[in-house]
Each structure stands twice: as C-alpha cells, then as structure tokens.
C-alpha cells in the first residue's frame, strides 16, 4: 500500500529568497520545494501548497491563523511547513493546538537558490521527521530535530538552540 | 545538555563517486559527508568514520562483518551509514543483530559532487531519522524512511520500494 | 615563457552579492572571483585586486576616478574588471582614456553564489577577451563581447544590447 | 544588426560525462551546452550541433574527418567545438585546413554536471575567443587561449601547457 501523501505548506522565508536584478533587491520568489524534491528523487507521495510568500518578520496574526486553519484542514496527518526562521517558533506555538498531526517546520539560513545552502538538508530532515514522529509540532534546523516548544533562534549566532 | 554525537560511518558507493580525468573513470573518492554537513550548517554534534571506499557490489562478507563490528563498537546510540545502493539491504540484514542502536543507512543515486544529486536530502533524512526512531535498522532513500527488512532496490526503476 | 599575469579588479555589483540572514538582506560580500578561477582550474597567471564593494548605482565620480587610477597604475596590459551592471558603461567611458591596455568589464545578472548564475561564464569570456583583443575598453555580458562605447543595458529586459 | 550565429559542435568528452547508476558507470550523456548557455543568459545568437558522444580517446580518423567536414560545411564563420581533452590537439590539427573560420576547441577536466567544474568558464572563454580572434584554430583551456598548434595536454598534471 502506498503511504499517505505528505503535505508541504510553503509560507516564504529565506529558503525561497530570489534576487531581482532589476530592483537590486531580494524578495521571496517562487518556491523551490518541488524542484528540490525532484532533484532528491523523491517517490514518496507529496503535495505542495503555496500559501504565503513572506519574510517571517512580516507575518501577521491573521497570517498565522490562516496557516493554522490551512494545516488543520489538510487531508493528511503528515505536514511539512517551510517558513522564515525569525518567527518560526511563534508559528509553532500557534500550530500546537492542532491535534492528531505530525507537523514539522523547517526553512533555511541561506536561500535554496544558492549553490551552498542548508535548504535541501533541512527539507530532507523535515520529510523524514514527519514520517517518524508522533503527532505534535517540531522544528528541524541545524541538523537537529527539536520539539517546537523547546527551541529558539539565536539570531546573533544565526542558529537554532535548545531552550 | 548537548545531545549525544551522531556517528556517520562511510563505506563508499555512488554518493562519494568522483571523476578522475586521468583515468577517464569514476571511482569512490574522499567522502563528501563532512562537506555536506558544513554546508547544511549542522551544529548537532557528530563524528565521521571513513571505513571503506567501495562500490557496494564489491563489498565482501568480511567487509560487512567489519562494518557490523565497527558500528557495534561505536560509542554512540545513533549511527548513520553511507553505503552504495545495490547491496544496502544486505548490509541492513547483517546490522540487524546489533541491539540498542538506531542505525540508518542512506546513499545516493547520483554522486554528491553533482550539481543535481539526492545525496544532501538523503543525508538530511538519515540524520533526522536516527534522532527520532527507536533502536533498529532503517533505510532512508527516495524521500521515504523504510524499515531495513521491508525494502528492496528496484534496479530497473533506479529506486527503493517497499516489499 | 609564462604569459603576463592578468589583473582582475573587483568593484562589487550583483556578481558578489551575498545574503545576510541576520539582516534579511543582500549586500556585496567577499569577492567570489578567486573561488571561481580555482574551480575553473585556471593556470594562467593572475592577481586579484579587491578595490570596492559597491552596488554600481552607488558608485561616485570619486570611485570611478579611483578605479581609473588603479587600472592605469597596474603593472599589466591585460585587465578584467568585475562591476555592477547598471553603470558598467559609465565606468567604461571613464576608463577609455587609458592607453595601451586591454580592459574588459564584466559582471553578472545573478549572484555568483547562486547555483544558477551567469557569473562564471562571463568571467570566462572576460578572461579570454583580455588575452585576444587589441588595447581598448570592452564589455563582456550575455554571451557577447561589445566595444565599451557601443553597448547599453536594457534594464527592462535585464540584458545588454548594442547601441 | 544582429551578429552572425555562433555554431557549437559537440563531440563528447568529459564535459558531457554523466553517471549511470544502473550500470555503476559514467558515459557521455546528453550535451549540457544548451543548459549552460541558458544559465549564462546568452542572448548572442547560437545553434548547437550534437555530432558525436565519444570519449576523445575513442575518436577514429573517420570521426575526425566527419568533424572536419561538418565544421567546413557550417554556415557560420565562428565555431566552438566541445571535445574530450586527451586528443583535442589531434582534432585541432585536422581542422587547421579549414580556411576563413575562427574555430575554438574547448572541453572540461571535470564534468559539467558536477557542482565544481571548469566547463562553464571554458565555454565562456571559447564563446568570447571565437568572436574576437582572426580565422584559425584555437584551444581554450585552463584560463588560457592557445593557438591550436602551440599547446599540448600534460596528462600527468591534468592541464594544458604551451609547447
């Protein structure tokens, strides 16, 4: 029997940052998730839901409520969310009220479009963690799978640490 | 408290294939694992043990016994093994006798040195799975975490499938 | 006899844009030129002069005069300049007064740190053009070697065209 | 007026080597040239002619005669040839009888499919050299544009040197 599809909800963040030469600026571009999964030769069923394209510092309470409602309504028990790193733990807190789903947030400290980025590794961690963990909310960053309520971003160091 | 270091034992396989122009041939080169973990900004403690540099079709019974003894003797409960894909399940069977460790085998269908490879994603999956699963032997490939005794490589399709 | 070293003067621009997660912004970072030449296995002698780290829209008349003086004073007849694309032709005009040197400006429309960038190809073009052309000022972009006074950037299209 | 299209004739070699997991072997795959030119945002007109897919040690006299006839018959004065490095100078000698065309041979010491390859830089050099040089046969490798009859490959060192 084929496993249940994994839902991947994208909200923006550094992982999907693109560089727009005409404006000499970066912005969240089209999500790289499907491209990364193709290169990774993923045959596990999945579906990508592009929900938002925002820097996580710009996410509002309404955005988080929309994210919560979307994840709650998704017809899958296994959900990966790509998200900006600065407020990833805030969204994790909001999602903690959803019962019966294994939700893993991840993102990147360098854009997936870079030759050297943590995006692919992180997505791999999240993809595995959502298959292997009990229902709850988790964050996969810096080579570690954290419980969503037991981690913070150390912005000075540019890394996630236990708290 | 810092988490227990993850041990990564490398045995060769496509993941570490390099191209040697002087011989016009691909062979297993220096392992890319440490480089991939650096790019992934992994801060979780780990140690890399370069054990073998072989195509997995060339692994002998002695090689597998050496692998088993090495993993059994490693001072960590969480072990990732990079391995050629063609006989990955054979090694998984040999490792199944080791109690009390979460062992995840992974590898790649395209060399890690390629711009487009499944190596980084797979390593991310294995890194997460070894943190999140109960003791036992697992294989992480093609976006899926399999039990080591419940998977085979479909060589025609070039992918791992449940059996 | 070994050929005369090629001087590469870097001034910033998109080619060297890096992404700084702590600021959620792109800025000119350390130049990628030496790294690109290493990957390209360049054995032709060269020296890199990091002069400026500016977006080319921020270059002042003083900056251009400093660039002109630096290039004029360099002990080589073959000079490559990496430069932001928006005012590359303005700098070409200022450099046109330097006699006896083959000067080729180049840059990139996508940062060299991206997996998909025109930086390496453009640097290759400039490196060849400075070896093969008579003294004068040239621009190498979009697969074409232009005379410095016969080209403009079409910002709408994001490409260089003859004028 | 638009410049005359550059013809790119591909013959195989390391530049186009792919890795085939099902055979655990490398072979010349589909040419990467069009993909490299797309990433390089080349707007200069060009056409790609896939002629051969051979390791250059396997090229026969007949192959070289076919290459000569193809290049002689192409409706363009500017021709780039991608070629294995081991017998590049042999083909250069055969092509030297073609009058009125600027022919630049290039290739790579590491496959273009690698994250770290000299392919893109070399193709950029060849693309520029064919626009800027007088009719004749040239080789662009290791950051240098050589006359076709004044260069050899030092196989021990894995690089092209003047002779």
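Observations on the model:
Note that the chains are named A, B, C and D in the order they appear, and that numbering of residues resets to 1 at the start of each chain.
Note that a residue touches a chain if its C-beta (ideal position, glycine included) is under 8 Å from a C-beta of that chain, and two chains touch if they have at least 3 such contacts.
Chain-to-protein mapping (UniProt): A, B, C, D = L-asparaginase.
Fair warning: this is a prediction, and the values are worked out from it, not measured in the lab.
Considering every other chain in turn, none proves to be in contact with both subunit A and subunit C. Fewest steps needed to get from subunit A to subunit D, stepping only to touching chains, is 2. On a Cα centroid basis, the chain most remote from subunit D in this structure is A.
Centre to centre, using the average C-alpha position, subunit B and subunit D are separated by 37 Å.
Distance between subunit A and subunit B, defined via averaged C-alpha coordinates, is recorded as 25 Å.
Averaged C-alpha coordinates give centres for subunit B and subunit C that are 43 Å from one another. Multi-chain contact residues of subunit B, defined as those touching 2 or more other chains: 109-110, 115-116, 158.
All chain pairs in contact, by the document's touch criterion: A-B, A-C, B-D, C-D. Of all residues in subunit B, only 14, 17, 19, 21-22, 24-26, 55, 57, 85-86, 109-111, 113-116, 155-156, 158 touch subunit D in the complex they form. The residues of subunit A lying in touch with subunit B in their complex are 3, 36-37, 39-44, 46, 109-110, 115-118, 120-129, 131-133, 140, 142-145, 159-161.
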